[in-house]
Every structure is written in structure tokens, then in C-alpha cells.
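Handing you this structure, nothing more for now.
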Amino acid sequence: MDLKLCHITKRFRKRTVLKDINFDVGPRELVSIVGPSGVGKTTLLKIIAQLDKPDHGEVVFSRPPTRAHPVIIVFQDYVLFPSMTVRDNIGFGLNARHLGKNEIRKQVEQMLVYFQLTEQGDQYPAQLSAGQSQRVAIARAMIVSPAVLLLDEPFANLDRNLKMETARFIRKTQQEFGIPTISVTHDLEEAFAMSDRIGILLDKRLQQFDTPRKVYFNSASLDVAKFLGPVNIIPEHQFALFQIAGKGSEQILARPENLAIHPGRDGPGRIREKAFAGHYTAYTISIGNHTYTAYSHDDRYQTGQQVTLKLTSL
Amino acid sequence: MKHAATFLVLILLFALPVVVLALVSLAPGWRFPDVWPADFSIKGLIYLAQHQRQILMSLGSSCLFSLLTVLTTLLMCLLPAAVFARSNFSGKALLEGLLLAPALVPPMTFAMGLHFLFIKFSLADTLAGVVLILAMFSYPYMFRSLVAGFQTMGKDYRLCAENLGAGTMSILLQVELPLLMPAVIAGGSVVFLVAFSEYFLVFLIGGGSVDSFTGTLFPLLNSSNRSLAAILTLIFLCLPIVLFLVIDTILVQAYRKKGMI
Amino acid sequence: MSWTIKHCLRLSPLILPYLVLFCGGVFLTVCQSFGILTPLPHEGGALDAYAKLLADPAFFASFFFSLGVAAVSALLAVITGTILAYRVWQLPRQLATASLVYKIPLILPHISVAFVILIFWSPSGIVASVAHWLGVIQTLHDFPNLLYSGWGIGMILAYTLKGTPFSMLLVMALLFRFDVRQIQTATMLGASGLRIFFTIVLPRLAPALHTGFIILFLYSFGAFDIPYVLSESRPGMLSIHVYNLYFKHDLARRPEAMAILVIMFCFAVLFIIAYSKIVNRLESGVRKL
Amino acid sequence: MLKKHIALIAFWILFMLPGPAAAKNTEDSLLQIPFQQIAEQARNHQVRWYMFGGWAHVNAWVDTYVAGEMKKRYDIDLVRVPMDAGIFINKLLNEKAAGKKTGNIDLLWINGENFKNAKEAGLLFGPFAQQLPNIRKYVDPESMAHDFGYPVEGYEAPYGRAQFVFEYDTAAVSAPPQTITGLNEWIRANPGSFTYPQPPDFTGSAFIRQLFYAVTGGHEQYLSGWDPDLFARKAPLLWNWLNAIEPFLWQKGQTYPKDSAFLDTLFSRGEVAFGMSYHPSHAQNKILEGSYPKSVRTFVMKDGSIYNTHFTAIPFNAPNKAGAMVLADFLISMDAQLSKYHPDKWGDFPALDLKRLNPKERKQFQSVDLGPATLGSDTLNPVAVPEIPSDYLEALEQGWKEHVLDN
């Protein structure tokens, strides 16, 4: 099962929110669409789930979704039905398909076990933690064996330290169930961690669609690069100072972690500022009239110290 | 104490009448210039005991048509309220204004015109006729309450349930109605009270065939037998209070169990 | 199924009864006021009933009297209701439950409220007895003539007592959604209690006040129950006239009863339209400032 | 989708369902067959009696004694529905105009102008009175020939008699006025202490009728029937009399009690000095009920005190005419009349002719203690004057509104 979005365009009244969106999702693939809040990511999901119609373009499925294998969205706030227990919530989709009581109970129990919710089976949504709620929401979606799973901001309501764990959990689940999954989010780190491919949605368009590594280190544009994190622009006339042999391009984009600091009295750079950030230290270094940011695990460099910057790898 | 004045006003305005009613009910001969009744009698209670069947019947009948009115208004308003809460169409504001009108214009203005028609179509003097006419001018309270309920609920639950494959009716009954319950209760309480305390329309359309507690109460309130009128008024007061308390307790318990409040 | 048909179908449980019962009822009232579809064949012109009413000074007296009673009682109910609701809202939590007594008149039917007013305020009522006990009056003839003075004071008292908890309820609903931090901020900035009430709280309550006033005003204008117990013989409320014409006279006078109803209906509709227009204009003016 | 449509349609059908239709009666035969058969037909059915509902003691008598006896003797369920006469007449008129063949009223408590209006509009079933054995046995045909001067012709059955009396509290007034002139003087001497219910209230209307007799030279002149010229000549005397005392009335005549119950309240609470009632035992009932002080007594004016008979009648569309006839017959039975005569039950005067009873039965009636507040027939009978024809009644009520109220 795979799907392909072709030239999707969507307008609300006169405002265009999505313009000519093209990408594809392979079978068993997890794709994240990343962009700032309010760029129409949820709209994109609704279009894929056929809850909304695009003004142009279409979503092509290799096998069109059916009632038995639908496209399921897991909404941002999980939208668990507050009046139903966890069990009833998970079983809701099967109930709607008029499966037998025993069959539903069997499948729900399996889900409860898989999603580590056995103890919460008889609780109501209001009594669950955010993480548990999310697992219920995903279980409720998975139980109807969806053709495609859509996750809307899966990390939005979670504590910081829970986000990465959740990303890994989603990845693992997606792999085991083997369901093509599209997640839209603005949490970069988690998207990088779990996705096979990532699309960057900026200014109504899909700016780049590639593996996380490529997108991050080989950003298609300065906008994309800036969106994904701090970035240094090395102009051509300073290439030599960074010992770059490259030619032909006017400038090179380098992430702070790609700039290695080498102390040396005759270095062209000078450390202007230094900020401790936990697992690394951020240094602001001036070379000529340009300023660069570099991350280093080494905390010993002092402000005012002369250094050389080297581009490590791309 | 700053709140004492507030309390005093509340008590004087709203609780004192009940106390006085209780006294009057036991003192038919209480008259000027006695500040406290000179003597008490339980004649009113004896009358009550003698007529308990009739009083209970009229109370039951009032309850029945009031509850049926609540149910009817709910049926009338559920789907339309969803449409009003969730979609925009031209003329929506105007239509909403028009639909709220029956609660505002004097109900006599359409009930009296309808009366003749109801007689022709055998709806006069029937429970159905009474429920219809009561529903017709009390539904706006239910309607507004439900629209607000649907708006608070938002579209997500419906979208989500649709996405999971549920049909319109099962979404309405399984997912939305439990969430709407507070709105239904709020609107329903008003509708119930309006129907339960209505005298004139029940009298006009029910024509004496549909028993009502107000119908029993009204002639007595006008008579010189104040103690009886006071007793019946107190009974009148108790029934909705008990009903609301029961519903409230049941509902609160259910919702607390689900952690929804 | 197209969008419109689907919507119409879903709206139909409300729209159909509305058209048949409400619009139909009003239509029949109008018809009968013209002498059409009356129980007895009407002799004379279609506008006879209106001509008779408009030539009758007693009708105008009743009309304006009804208006006055309704307006004064609705205004009083909204004002007292708002003040009480604000005070109750400020009560500490433990006391708030006790303040639920205000709901009592909400449950009492109008006729019982009228009865309560009678017990308290008639010249031989509780208030007079207390006044006598305090030595303010000697006999019950010294007690001011409140209930049957021709000013509708009894009805105003009853409608106010019944309407106050209603407006309290509306106001409370808004107050419970009101952000207390606004008041806390205003207090920190040095505003007095009154100033906070008038500049911060009251504007937020405006919708409830308008709704409350319209509902109470129109209800009192057209209702029957309370006037039946407390109305004076003259000028008398319109609803009592209608009742008497409808029930106590022969069927030949049915068009007159219906004509009064039609005039009441038109007035109510015009009032709603005019009131909402005025409120809209006022509020948009406020926003521009 | 389909399911929803069906639900909608079902909803509509539910709404449009008419109420249960009552069974048809073979009614005209009721006027021929023996009473035994009528009673047989009525057995095991419901009878709905529409009557004035403002008197708790009367309600109690109907709900306990009458309902109990009807159940016991005929297996009939009696349902008392409180409704004023003017209103049920109007309801019947509406039903007649709408062509409603089966209504929901079986028996009416009715008399006077309401009876006239109803009979003229063809709202009544009959003549049925002569079918009732108790009427044939106990009632003097002369006493039920006319109701307010209007021929009864068997369209209603008598069940009680009443006479107009005034009430006063001996603790407050030592010597009540004996004549209308005396009343006039008393009112002027005691401003704010007298009033009368606003016509067309039954009692208030009776009061102005009685005044009309007194201030225009007696009742005989009116009994021959409606004479517009006579009325036009005589009525102003009444209006002048009433307007002259208006400033001295309760609330300076600004307002009038809207019904007799309201006057009772005013009287019971001492706001006015005199009560009035068309039921001679009314004061006694109120004393027993506890609403009136024990010191209340009744009195009549020497100028005359009108009396009438009250009746029951059957609407044209009564669903259970047989049952209604059985009830009407029971009400005029010896047992019911005697029970009704007791002041702790109701105190209503019997409508049957005491001469037609055997001595033992007569003794039972004569030995009923009417209570200290009720006048005996020795006081009442000498001043009794008959009711006025109902055309005058309507003219007086309408005239009162124009010349006294709106003046």
C-alpha cells in the first residue's frame, strides 16, 4: 500500500493555504511533514483522510481505502470520547462496524496489552495522563487496521522528556503494524528521530522532501535551513579560512555543530561570546566582519581567545 | 460582615415567602393584626389527605406532560441545533431570530388562533395537543441551550467518530448526546418549569381533560381558603426541587465517575 | 444529496412545527381578527374589530398600562437581579450553596408568586401586621393602598419577584465565565469597587441584561396569570381583556379578542426588532470609542 | 441516511396522531328507554362533571361523597373538573362551530344566562329531566319550569337552591343595615369598608340585580319578560345609586374585587365589613373551614333577597350521556340532597319538594342543624324574590361596565 499526493492546492475563501503539494509515501514508510504552526498541516491531513476536498490535485492510493481499511486520523488533542471507558474508546471503530461482542473484546484486549494500557481499561479519558491518552488514541486507530495512519501533532500535548520516547514508540509501532503513516508536527527533533522521510512545508509549499539527514544538512534553501535550526553562512571569500576547497558556489551553509573549533594564536577568528547549553557550549566567533556560531563539547575556550574554524563534514 | 447584607436580602426576598406559606398553610384564620398566627389547624392537611388521589393524579399528569414536552423539544431541536452550531448559511441570523420568537411573543397570540384548529383536528382536550402547544413556546430555551452545547463540543468528536467509521445516528446517540447532557439538562429544566407552571395554555388546549396541578391550584389560589392554596403551592415547589436534585445527583455522580467534571 | 436538501431535512423537525403551529397559529389569529374562520360567521367588515378597538380610549389606556407595568417590572427585575447576582458571585464558596434560595421563585408558578404578594402586601397582609406591631399604623385602613391603587404596583411587585431570580440566573451564567484576574488587576491598579462594577463587570454583562429585559418585558406584557390575581378593575391588563372577550362573552366578539392579540403580537415583534437595532447601534458606538 | 429519514417520518406521524376517539352513543334512544337500562349502559364508565371549583368544601363533597356513591351504586367513575360556567359554555360553542361530535364534558353545573345562551345555541342535550325517576318523584314541576325567567323545558335538572345573603362579623359591626337605604347610609358613614364583586361575577351580578329591584320599585314589573324601554327608564336609577357610593367604597371604588372569592378574602381578613354570598350557608362553611371568625353571622335585606335554583345539564356532545343522566338523577336523590344540606358537607338548600317526602324523610331534613351562622327558612322565605329574566341580567352586567366601571 502506498499513496501519492499530486498537485494538492487548497484555498479557504481567498487565502491559499496549500499550493501544489506533491509527495509520496511508500508502504511501511513513516513520513513527517514539518512546518511552523498555522501553515495548513492539519488541512493537509484532512484532505488525505477525505474529510476535506482539495481545490486542485488529488490523492492517489495504490489501493483505494475501504471501510475495512480506512484512512484514520489521530487528532492533536486525541479526541477521546469522554463518556466512554478506555475499552469502549478503543473498541469504538469495531463497534461501528458491527463486529460481534466477543470479537471486539478479544481485539481490544490485545490492543490494551500491546499499548500497555491493561490497567487503564476501565478508566475514563479524564483520568489518563497525556501519554496514556495518546496511546489510547493510537490504539483506537490501529484496531480498525487502517490503510493509512495520519498523526496530527503527535507531540503537542506531551512533556518535553516524553516527546522523544513517544517518537520512538510511534516508530516501533508503525514498523510492527506496517502501516504507512504520515505525521504532521512542528517538533523537529522528534520528526527527525522517527521519520523515514521528511517534508518541509513553508509558505504554502512543500519546500523539500527527503531523508532527515539530507534535509537537515543539505537544505534546499536558506529558508528551509533556517527553519530547521541555526545556520552559518560562509561567503566564498572566506572559504580558505575554513580550509574549504569547494568552488563554484557563492556561499556554503553550515550548521553550528559542523564547525569545529581549533585553538591557535594565529587563528583568524576570535571568540566573542560563550553560552553554556547543557550537552554542548555555543560559541560566537567573529572572522573578519562575519559572525559564526559553533557548538562544541569542549567548554575550555575563553572569550577573546583566537581560534580557527573548520568545516567538519556535510 | 460584608456578605450579611446580601444574605439578608436573599432571605427576605426568596426564603421568607416560603416560611410564611408554611405558616399560612397551618393557620387558615391568620389575620390582621397578628404578626404570628393566633391558632393553628391541620384542616388543610386533612383536605389534602382526603384528596390525595386527585392531587397525586394532577401532579402526575403535570409531570407527564412536562416531561413529554421536554422530550418533544429535545427531538425538535437536536438536529437543527447541530446545523446551527456547525454551519454557516445565508440568512442564518435571521432564521435564528425567527425561531426564537415563540418564546418572546405572548403565547396567547398563536395559541388562541390554534385552538379552533385543534378542536377541528381533535387535538384539543388531548395530551398530545397540550404537549404540542407547550413545546411550541418553550422550545427556544432547549434550542439555545443545545446550540451552545454543540458549539462548546466543537466538530472534532464528530469528525473523529466519522473517521472511525460511525454513522450519523450512532455518533449522535453514542458520542454527542452524552457530551450534550449538561446542555440538555439545562435547557430541559427550563422547559420543564415553563410547562409545569403553565396554567393558561393547559387550561385552553387541555379543556379540563388534561389534568394539571396548576389547574387544581388556580381555583384555590383565588379562593378565600388560603391555607389550602399555601399547602398546594408548597407541594408545587417541592416536586421540581426533588426532581432536579435527583437528576443533578445522578448526573453529577455519573460525570464525576467519568471525571468529566 | 445536496447540501441544501440535507440541511433542510435536518432543520425540518423544528421548521415544520414552527411553520404549522406558530406561523399557522398567528395566521389564524389574524384571520379571526378579520372575521374569517371564526366559530360563528362574522357579520360586518373585516376591519370592524380594529375600528372598534382603536376608537375605544379604554383599549389605549389598557395598552399603555400594560406597557408601563411590563417595563417597570422588567427594569426593576434586571437591576436587582444584576446587583444580587454580582453580590452572590462574590460570596465565598461555602456560602454560595446557601444562596441557592434565590431559585425558589424560579420554580414557583406565576400565580403562586402573585399569591405570595397578596399575602405580604395586602392591607391586611403580613407587612401591614408588622407595621401595626411596630406601631406605624393603627388600623389596616392606615396601610397605604398598594395592591389596588390603579398603578399596577401589585403586579409590578409580583413580576419583579418572579423576574429577579431569572435575571440573576442569566447574569450568573456570564459571571462564572468572567475572568477574576481582570478585577484583581483593576484592584491592584487602585480602582474602587463601584468603578470596577460599572467599568469592567457591567459591560461584560450587557448581553444578559438585554436578553433578560426583552424576555421579562414581553412576558409581563402579554401574560395572563399574575394579572388574573392582581389586576385592578381599571385600566386592567390587555391579557385580562382578551381572556374576558374570549371566554366570558359570546362568540360574536371573538374578532375583537383576536384583534387585541394581533396588536400585541405586532407590538412584540416591532419591539424586538427596534430594541436589537438600538442595542447594536449603541454597542458598535462603544466599540468605536 | 435511510434510518434517519425513517426516524423523521415516524416523528411526524407521532405528532399527527389524533387523540383517542370516544365511542358513539345511541343517544336519542336515551330519552325513551327506562332509567334502569340507562343505568345499565352507564355502568363501568367515566362521567366528567364540569363545575365551579373555587370552594374546597364543595369539591370535597363531590370528590368524596358523590364520587364514592357513584362508584358504589353504579360503578361509575366520577371526575370533577373545575371550570367556570362561562368558560365551558364558550368551549362548547367552539366545539359546536368546529363540528366536534364527541366532546369531553358529560355534565355541567349551570344556570341563568349561561343556560339560556347554551340552550339557544343548541348546546344542550334533552329534554332529559323527565326521564329521571327522582325528579318525577320529588321535584315540584313548577319550581323547575323557569330558570331566570327562561323556560327550562326539561333541558336541565335541578339539584340545589340558593338565596342571596349578606355576612357580617358581630365582633366588628353591632347592627347591620336592614334595608338598601340603610346600607347606603352605612357606607357613607364608614368609608372604605364596603365593596361588591365586579360583575359579571356571579355574586356581584346578583348584588346589583337585587339593588336594581330595590331602587326601582320592586321585582314584579320585570317578570313578564324583556322590555327595553322599561330598562332604559329604570337602569339610570341604579347607576346613580352605585356611582354615588363609589367614593365611599373599598379602595375608593378605584377597583372592585374581581370575584366573590376575593370578597370573601377581604371580608375574612377584616378589610371590609360585609361579605355576600348566593349561598345561605356559605358563612357557616367558612367558619367550619377556619377561614372566617366564629363570630360571623348572616343577614338579609328587608327589600328582598333573590333566590334561584341551580341545575345540571348535559352538553350535546357529551361522550357519556347515560352516565350524566345517572349522575343528575343521583344528585336530586333524597340521600344526596340530605348529605348536601349538612353544613359540614356543603349546606346547600335542597331542590326537592319537602311536601313530597314522607314524614320520616321530612323529619330528617328538618332536624339538620344549619349552624348559628345560617338563617332559617323562617327568615329567608318572607323576603325571597325570584330571579330576573336573563336578558335583564346581561343588560345590567353590560350597563355596569359602561356606566359604573368605565365612567
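A, B, C and D are the chain letters, set down in written order, and residue numbers restart from 1 in every chain.
One rule holds in what follows: a residue touches a chain if its C-beta (ideal position, glycine included) is under 8 Å from a C-beta of that chain, and two chains touch if they have at least 3 such contacts.
The shown structure was predicted, so the numbers you read here are calculated from the model rather than taken from an experiment.
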Between subunit A and subunit B, the fewest steps along chains that touch one another: 1
Pair of chains with maximal C-beta contact number: B-C
Chain separated most widely from subunit C, comparing mean CA positions: A
Chain at the geometric heart of the assembly (C-alpha centres): B
For subunit A paired with subunit D, centre-to-centre distance based on mean C-alpha positions, whole Å: 88
Subunit C and subunit D: spacing of chain centres that average the CA atoms, whole Å: 36
Rounded Å distance between subunit B and subunit C, as computed from the means of their C-alpha atoms: 17
Contacts with 2+ other chains: residues of subunit D: 1, 11, 15, 94, 97-98, 269-271
Multi-chain contact residues (two or more partners), subunit C: 13, 17, 39, 123-124, 140, 246
Subunit A residues counted as touching two or more neighbouring chains: none
Touch-based graph of the chains, sorted into line, ring, star, complete or other: other
Each pair of chains that touches, named by its two labels: A-B, B-C, B-D, C-D
Subunit C partner contacts - residues on subunit B that touch it in the complex: 3, 5-7, 9-11, 13-15, 17-18, 20-21, 24, 31-35, 75-80, 82-83, 87, 89, 97-99, 101-114, 116-117, 132-133, 135-136, 139, 143, 193, 196-200, 214, 217-218, 221-222, 226, 229-230, 233, 236-237, 240-241
Residues of subunit C defined as touching subunit D within the complex: 1, 9, 12-13, 16-17, 38-40, 58, 122-124, 140-141, 145, 148-150, 231-234, 246-248, 250-251
Subunit C residues touching subunit B - in the complex, by the definition given at the top: 7, 10-11, 13-15, 17-18, 21-22, 24-32, 37, 39, 84, 87-88, 90-92, 95, 98-99, 101-112, 114-116, 119-120, 123-126, 128-130, 132-133, 140, 161, 164-165, 214-215, 218-219, 221-225, 228-229, 239, 242, 246, 257-258, 261-262, 264-265, 268-269, 272, 276
Residue numbers on subunit D that touch subunit B, as the complex places them: 1, 3-4, 7, 11, 15, 17-21, 48, 50, 52-56, 59-60, 63-64, 80-83, 88, 91, 94-95, 97-100, 103-105, 259, 261-262, 264-265, 267-271, 286, 289-293
Residues of subunit B defined as touching subunit A within the complex: 156-157, 159-167, 170, 174-175, 178-179, 257-260
